[in-house]
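So, here come the structures, one by one.
Same chain, two partners: chain A is paired with chain B first, then with chain C.
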Partner chain A sequence: MRKAIGIILICAALILPFVFFDVLPAIGDPASAPNSHVSDYYIEHTESIANSPNMVTAVIVDFRAFDTLLETTVMFLAGVCVMIILAGVFKTDKRIIEPRSKKMKKHKKGEPVFRGINKDVTITVLQPIILVYAIYVLFHGEVSLGGGFQAGALIGTVLLLDAMAIPDKRNFPDITKGTSAMVAGIGTFIYALAGILTLVGGGFFLEYEKFPWSVAAAEQHSIGILMVEIGVTLGVAGTIVTIMNAILEKVKFDK
Partner chain B sequence: MTKNLPILIVLLPLIAAQLCLLLSKIHRHVGRWIVITAVSASLVMSVIQLLEVIDKGPVHYYFGNYKAPIGIEFSIDTVNAMILILICILGLLTCLFSNEFNQVSDETIIGGMNTVMCLLITGLLGMTSTGDVFNLYVFLEITSLSAYCLIAMGGNKGVVAAYRYMLVGTIAATLYLLGVAVLYANTGTLNMADMSEILNDGEYDDAMLLAMVLFVASFGIKMALFPFHGWQPAAYTHADTSARPLIAGAMGKIPAYAMFRYLFCVYGTDFKYFDYFLKVLGVLSVCAMLYGSIRAIGQKDMRKLLAYSSVAQIGYISLGFAIGTPVALAGAFLHMFGHAFMKAGLFFCVGAIVYRYGKFSLDDVGRIYKKMPLTCGLLVIAALSMVGIPPAVGFFSKWYLGLAAAKQADWIYLAVLVVSSLLNAVYFFRLIEQFFINEDRNLSQIKERGRIEASAWILIPVVVCFVAILALGLCNVKIVNILLMTLGEVGLC
Partner chain C sequence: MQILSLEAILLISLIVISLVIIFVDDLMTAVVVYCAFSFVTMFLYIVMGAPDVAFTEAVIGVLSTIFFVMILKSIKRKTKRKK
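Let's turn to the complex of A and B:
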């Protein structure tokens, strides 16, 4: 009963204000403040200033690049947190998680259940394709959909597939969690380095036109965006591998 | 070079954190020293920045040279320039203090701890300097995540406390984001100064009311104001010993500053429901001051006693906001500085005792002053300052608060201020009694090093806090004058 009252109160408090107060503009209203105040500037100047046909990329890594630096740092921080909490606090034995089907069939312990010719072959075929796609997404992010976060997630997926599908047979060298966290740190540092270089060139932080080498202003922006995307890719991929390794140290899957 | 000061103060700890793990591979202490170097460089620069702000007025820094509201802005006035110095000092002391703890051999874990600590400092610095509402959210995220981690590192109970804090803190972050969404839907801007202009020009009372309710709830949770404080005692108690002074000293104060910024700088005194919000804040802070003090009296664990005392002391800060005049605001900020050093100092003392004897309970520390005279000296000064005895800073901040309350004829606030101070006296004299008068417990050392006191890395923070409490008290007029340069324009007249 007490719980029900609490839940009802929370729902009421969250929903009723939006029912009684008419504070939000109509969806898709072109005259509303969010669609007119600063959006016009972004739409008009993306091509000319940021030299990127993709407006989302231009806003994320050029006009508001500092926010994205911090978002990447949040990812890196999350990886480090998982790593040191799992490594430092719990002193439990390794737990074995068994799929229910395995318990039913009473397989011998240590013998993987899902092994088959298909998995062995398909993973090996899939990995390079995903990697190529990741690199495509990374370099094409400036022009169309995609970007650093997605590319990092794809690279992370490849390593994750490698470690989890067939634990005995690794196609990639084993990366320890310390190394991968370090790579994530270096990735976010590459992002920050783009800012430091602009400071060295005498500009403001992340003012791409002030890179200390002389090429056309539009190209400076492209170089800046590319540098940022590479940094984000490394950061995200490193974080995913860190979290995976930290968890795999504590748990064994079907083996 | 000076034009880049605002970003460099935040950037150096950020870079140190990013490279800490890499450098820890070389040797496990290199990363730590990089962090310490970066934070001390930030400290020097923030002092230079304060002098510049006093000299030339508020500083605005535009990222990528996109003028607000297009890009992101850092705006520094005298108040947050001083808070930046406070965070840098506390961060530096905590880093030095943590030298003696966590002597595990794994360089990844040591590097990770230093990374997280450094990112906590970065997040606090960024939250203080930013002038952009979404940028504030991102820094809030960094601060909370690193705090969850540092609390969880404190052992098995720490993990539970961190989990509770994480659930509540995530709700707080969501509420903040909802509030920002409401304001953004009406103004179309994320820049605080720009938003303030638009809000004051048009008729947005309903939206502002809804957003402010969400902000008070969200920052109330983050700063552990009275009805939202549930996560705080357990989190402060079970946090990692080496990080606890920073968490208790600085982490609760910065959301309070953010709340001040929304209420007074973005909304301003012309806001239709301004007085109602001050009343609500006043009621909450009065409850906090009484509740925190009364709960603190009953505690047996030193850490828990200090944690509940923090609930009460946060009430003083929000009481200053609730009175709302420039003098009251100055008192609130003076209390913020003072309390940061007092609480951090007390937790440094607790840390020193834990380091030597591994005891937390009040009953176990009888006549410990013979073994740790300097630590107990600071403990007495900090405790007296908390109660409000003149040469220490606690008296002056309460004096300014009381003065402002009397001038506004808020007699209830004044009465509660006095009663709460007396309750402070009750539990702090209990603490002092245990340390000086009760029978000797014949404690046995768990670490061999250090005959009389703990080692130098622990004593340096203790002594610095000791000096800071007295110095803040003696220079209070000067500090309040610097604060009033900004606060004179925003408070109620």
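Let's turn to the complex of A and C:
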């Protein structure tokens, strides 16, 4: 039954593009409907207003900052929901899928999840490189690729590697479930704080020119973008560590 | 024209990968092939000229695969076949 539904969906997904292929505009066509209204404004004003060479970052965290605030909130709520679901409802005797064996134990703190990973390579090579790249992506995000979301995901990857590979209790930031959820909440709050500060300065919500400190308007945009990206980074990294800690704490493993 | 044919190759491989995910019995294989799905999607985004989205897709594809493998350590790898 499930496979039949899957095959039907794939067939539908195959047929639909062929039906609508002629209606779609070409990629990057400047005369098409989505490119002809608001895109010109973004292309003209990204350098002058937002002070950011990367147009994607400018649109996401400057022109459409309110959308991104709600997206970050949704991410935070998703982490909290995973925590709540794994805490109560997911009982072992009511599982739909069978457990692996009867000798499963809960994950002890400080034990590696996967025993096959070389911890020396993880500690000395992978973690520092990923961490440095995350910080580069965060602070260079308005010039090159990336931004807060990617940096947060990379920092979350570093902490995941920690839990997966390191066998003793030297986990460098010993983050519990509550702390990581709190960090995610603080990140979302930093984002909202940028909006509240612009309200204090007498502008609209997230209107970066109205920050209460007095520097040039372009610099204020840079400060606003950086503040928002740090908030998003903390939110995403906290959410990933929250999900990881909820899984490690509540799900039994086959050792 | 060359870019279009590259896109066609990537899209056809996406279809093949999704068929493999449906029909495979081993859940671990399904998860790893799902990671390959997100990898091919990443190349598709690069071809379409959206490197930001491709970067996000690469990172999130790896992260979700790690979560799936973590969960797979607690459940049976094989799905039951109907007799």
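We adopt the following convention: the second predicted complex is superposed on the first by the 186 of 255 C-alpha atoms of A that agree within 3 Å, B and C clash if a C-alpha of one lies under 4 Å from a C-alpha of the other, contacts with A are read in each partner's own complex, and residues count from 1 in each chain.
Everything below uses one rule, namely that a contact is a pair of C-beta atoms (placed from the backbone, for glycine too) under 8 Å apart; a residue touches a chain by one contact, two chains touch by 3 or more.
In this text the structure is predicted, and so the values were computed from the model without any measurement.
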| item | value |
| --- | --- |
| Touched partner set for A:A216, first chain B, second chain C, both or neither | neither |
| Chain B versus chain C as contact partner of A:V38, first or second or both or neither | first |
| Which of chain B and chain C A:I15 touches, first, second, both or neither | neither |
| A:I247 touches, of chain B and chain C: first, second, both or neither? | second |
| Partner chain in contact with A:Q150 - chain B first, chain C second, else both or neither | second |
| First (chain B), second (chain C), both or neither touched by A:G185 | first |
| Partner chain(s) touched by A:V121 [first = chain B, second = chain C, both, neither] | neither |
| When both partners are placed on the shared chain, which of chain B and chain C touches more of chain A | B |
| Touching partner for A:L199 - first (chain B), second (chain C), both, neither | first |
| Chain B versus chain C as contact partner of A:G28, first or second or both or neither | second |
| Interface residues, chain C side, partner chain A - complex | 15, 18-19, 22-23, 48-49, 51-52, 55-56, 59-60, 62-63, 66-67, 69-71, 73-77 |
| Residue ranges of chain B in contact with chain A within the complex | 3-4, 7, 11, 14-15, 17-22, 25, 61-66, 69-72, 104, 106-109, 111-113, 115-116, 119, 122, 126, 134-135, 138-139, 141-142, 145-146, 148-149, 152-153, 155-156, 158-159, 182, 184-189, 198, 206-207, 209-210, 213 |
| Complex contact set, residues of chain A against chain C | 3, 6-7, 10, 14, 27-28, 54, 56-57, 95, 97-100, 104, 113-114, 145-147, 149-150, 153-154, 156-157, 160, 164, 240, 243-244, 247-248, 251-254 |
| Parts of chain A lying in touch with chain B, wherever the complex brings them together | 17, 21-25, 32-39, 41-42, 62-67, 70-71, 73-74, 76-78, 80-81, 83-85, 87-90, 177-178, 181-182, 185-186, 188-189, 192, 195-196, 199, 203-209 |
